């Protein structure tokens, strides 16, 4: 009985993963195409990988993406962590719930509406000052920070709930200033939440297309926008080559971090066992 | 001392509050402002009056979004269940494998589906050779398969792109829920179906709700997927909004469409949340 | 010894005499103060020689020569460009719109007057493309390319040799027809077929045209602009209306494609370089426009883009691959009747964009959506009632 179910569950899992990976397999396959097409495979070659490093516009867009992602995720993490501590500390229930509602808006709202609302604001403010060309790196970073903030806050808040509130008081009783108490006691305790928030913010920023599409200007094309304008005409396989490289980099990173953490867990459990 | 620390917490929240007001609340007010004004900035309800013309588009978008969400749920639930019952090492590998595709650019993944579904694409030509085979052997005359530029293709695109957002929340909730509850129910003599219906399913409702939100909202408002896979028959509300802002130069109409879209989505989510509240009440 | 010196002097003289006229003709202005600045160039997709497949990378060449960074972005239609330009979100220094859009921009005061002193190469543009209706006094633009719209079809998928726009209404090719994703070009086809002027301001004409297009809508695979390249090259579509120059590009990849100018008439267009009023770096923009009109650069672009050129030197150049191409430069007998787009008045424009929206959302049956959605609503309501009754029963029980 169990064997049968496990076989069918294995089959099912396999099917879902085939579905998830089929387009990616196609993408990787065509990155090695010797021809120009992304739908007719003509032969194996590394031509497009070479071409990628000559494609200044794409590399530039990649660089822009990285700048925006790093800047916005750091701002969002710092501001979000501070906000989470504050929200956690608020005694006023109404204030707390209204802040949480506002925080949820960017997550619930369709991205297209968020993007449009931001663009309208920037253009409107620009026109108030009689300025054109308001859209650029600045607006891109503001918009990215805004949609990343809720994710940071929602990653940090649960960790704050898990930490013992008396810890901070104890530290203060022992002579720490509230400031020191926060940095020495609370911060290390919520660090895992902060890091996962940062990672999430970074990922969301790199992958975001819709919001960037509306708020980016002339000199701040990110990689997704570059890809979009390419899919409007013809996607050359060097784009596929780039994503294959990104894909492999992430794969390696994930595998290594998985191995390290698995290894660490084993060590930890061994240590624990020895102590017992 | 205590006052000092509470002052600090208050202060640490203030940048965020200012930010949230400036970049979350004010922009939404801007959408409302544009929705109810014309090009010169004078108040008008013309844009809103025009919305009725797009009723069909709204209905189509919500329908396809709903369909995609339900299909995602049907695919994701068993997988999440299977995942949650695996050993920890397998679990982390599978989570990783589900998250990995999200790192590939969403546009390229959709574009790659185009390559698969095209008339000369990989899947279509494979299916068509099967059709030919059947036609030749059985003497039938089935029509060749046509996948691209149909609503089905759009739904496939949505399901594909947003499936991980359904799997992960359900899986997380299942993982957190207490296994001993299931065991207790089994000990009390429930058969597998009973246990599933009365224990496992209600416990996973919060995951379903958040998965529903995370799939439904982007599906309803998408424009890229329908542009690439939908052809002329599947113009969604996202396409119309995008056109107003990118080519038709009618910000006011675009804003009023976005405004209505936002309200519709919040209504849908409110209905969905009612479900979870009800069930939650029953469990507790 | 003497002989040798004489020889050197003589050869120097020869070199000098060779160099002088060139130097005289083009007194190289000093542009060093522009070094390190940036210009934003906004152009159509696939509309510049970009270095792929061994072609000349024009933008890189410009950057190398003058030390000015070129920030090059693409738009996909005139309307798309106009929208970006007036939304005020971004500043551009050089844009390359088509005729009617130039007229519109000029009328709305969005274009800067060019200083032709800085664009001496303007003299190479053929006179017949100067002073056209959209810029009668030669103030705002320098023509970049010219061309006509035509019908592209796949000989393997289409029977016979079409010569009329009516083939785009042929049901045999349902789902295999591509049409422009911009209102002017699409309406233009219906209007030629109906024998109207493409610049008609009679709203009844537009009504007739939209009826014609709605009739066609179910047969059309999708509304495309440059996505057409991939679709025609890979035999995904059989028939499409597009610009003649782009056909040559596609034909290189897929030799099964063929082209014709339909007998009803086609649109003739001129795309020209302009500088928007709010340009931040006008001097560099003029330098760029002048650079684009240099013979070598213009030849590279003409070879790459495959559109007909308004540049006199290119037409005579031996390096020009498409010299006398019968599609780009048809002789009189083979030239179809043409009409150029004019800028429509505001009311007609509004009416047209309303119809265009209508075309996109109508003509499709949404029965599946109605049925499906009402079924799900019924399901939800039934479920809620069921829950409610159960709850009541339970309460009664307790």
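Note that the chains are named A, B and C in the order they appear, and that numbering of residues resets to 1 at the start of each chain.
Everything that follows uses one rule, which is that contacts are C-beta pairs under 8 Å (C-beta built on N, C-alpha and C of every residue); 3 or more make two chains touch, one makes a residue touch a chain.
Fair warning: this is a prediction, and the values are worked out from it, not measured in the lab.
Relative to subunit A, the most remote chain by averaged C-alpha coordinates is C. Between A-B and B-C, more contacting C-beta pairs join the chains of A-B. With centres set at the average Cα position, the gap from subunit B to subunit C is 35 Å. Taking the mean of the C-alpha atoms as each chain's centre, subunit A and subunit B sit 18 Å apart.
In subunit C, 87, 234 are the positions where the chain touches two or more neighbouring chains simultaneously. For subunit B, residues touching at least two other chains, in rising order: 118, 120, 245, 251. Residues of subunit A found to touch two or more other chains are 38-39, 119, 231, 235. Taken together, the subunit B residues at the contact with subunit A in this complex read 1, 4-6, 8-17, 19-20, 23-28, 30-31, 33-34, 75, 78-79, 82, 89, 92-94, 96-109, 111-113, 115-116, 118, 120-122, 160, 163-164, 213, 217-218, 220-221, 223-224, 228, 238, 241-242, 245, 251, 254-255, 258, 261-262, 265-266, 269.
Residues 38, 40, 42, 45-46, 51-52, 60, 71-74, 76, 87-92, 225-227, 229-230, 233-234, 253, 278, 280 of subunit C are the ones that touch subunit A when the two sit in their complex. Remark: subunit A residues 36-40, 54, 56-57, 119, 122-123, 126-127, 131-136, 215, 217-219, 221, 229, 231-236 touch subunit C in the complex. Put simply, subunit A touches subunit B in their complex at residues 9, 12-13, 16-17, 19-24, 26-27, 30, 38-39, 79-80, 82-83, 85-90, 99, 102-103, 105-106, 108-114, 116-121, 124, 142-143, 145-146, 149, 153, 168, 172, 178-179, 181-182, 203, 207, 209-210, 214, 223-224, 227-228, 231, 235, 239-240, 243, 246-247, 250-251, 254-255, 258, 262.
Within the complex formed with subunit B, the subunit C residues making contact are 77, 79-80, 82-84, 86-87, 175, 182, 217-218, 220-223, 234-236, 353, 356-358, 360-361, 363-364, 366, 368-370, 372-373, 376, 380, 384, 387, 391.
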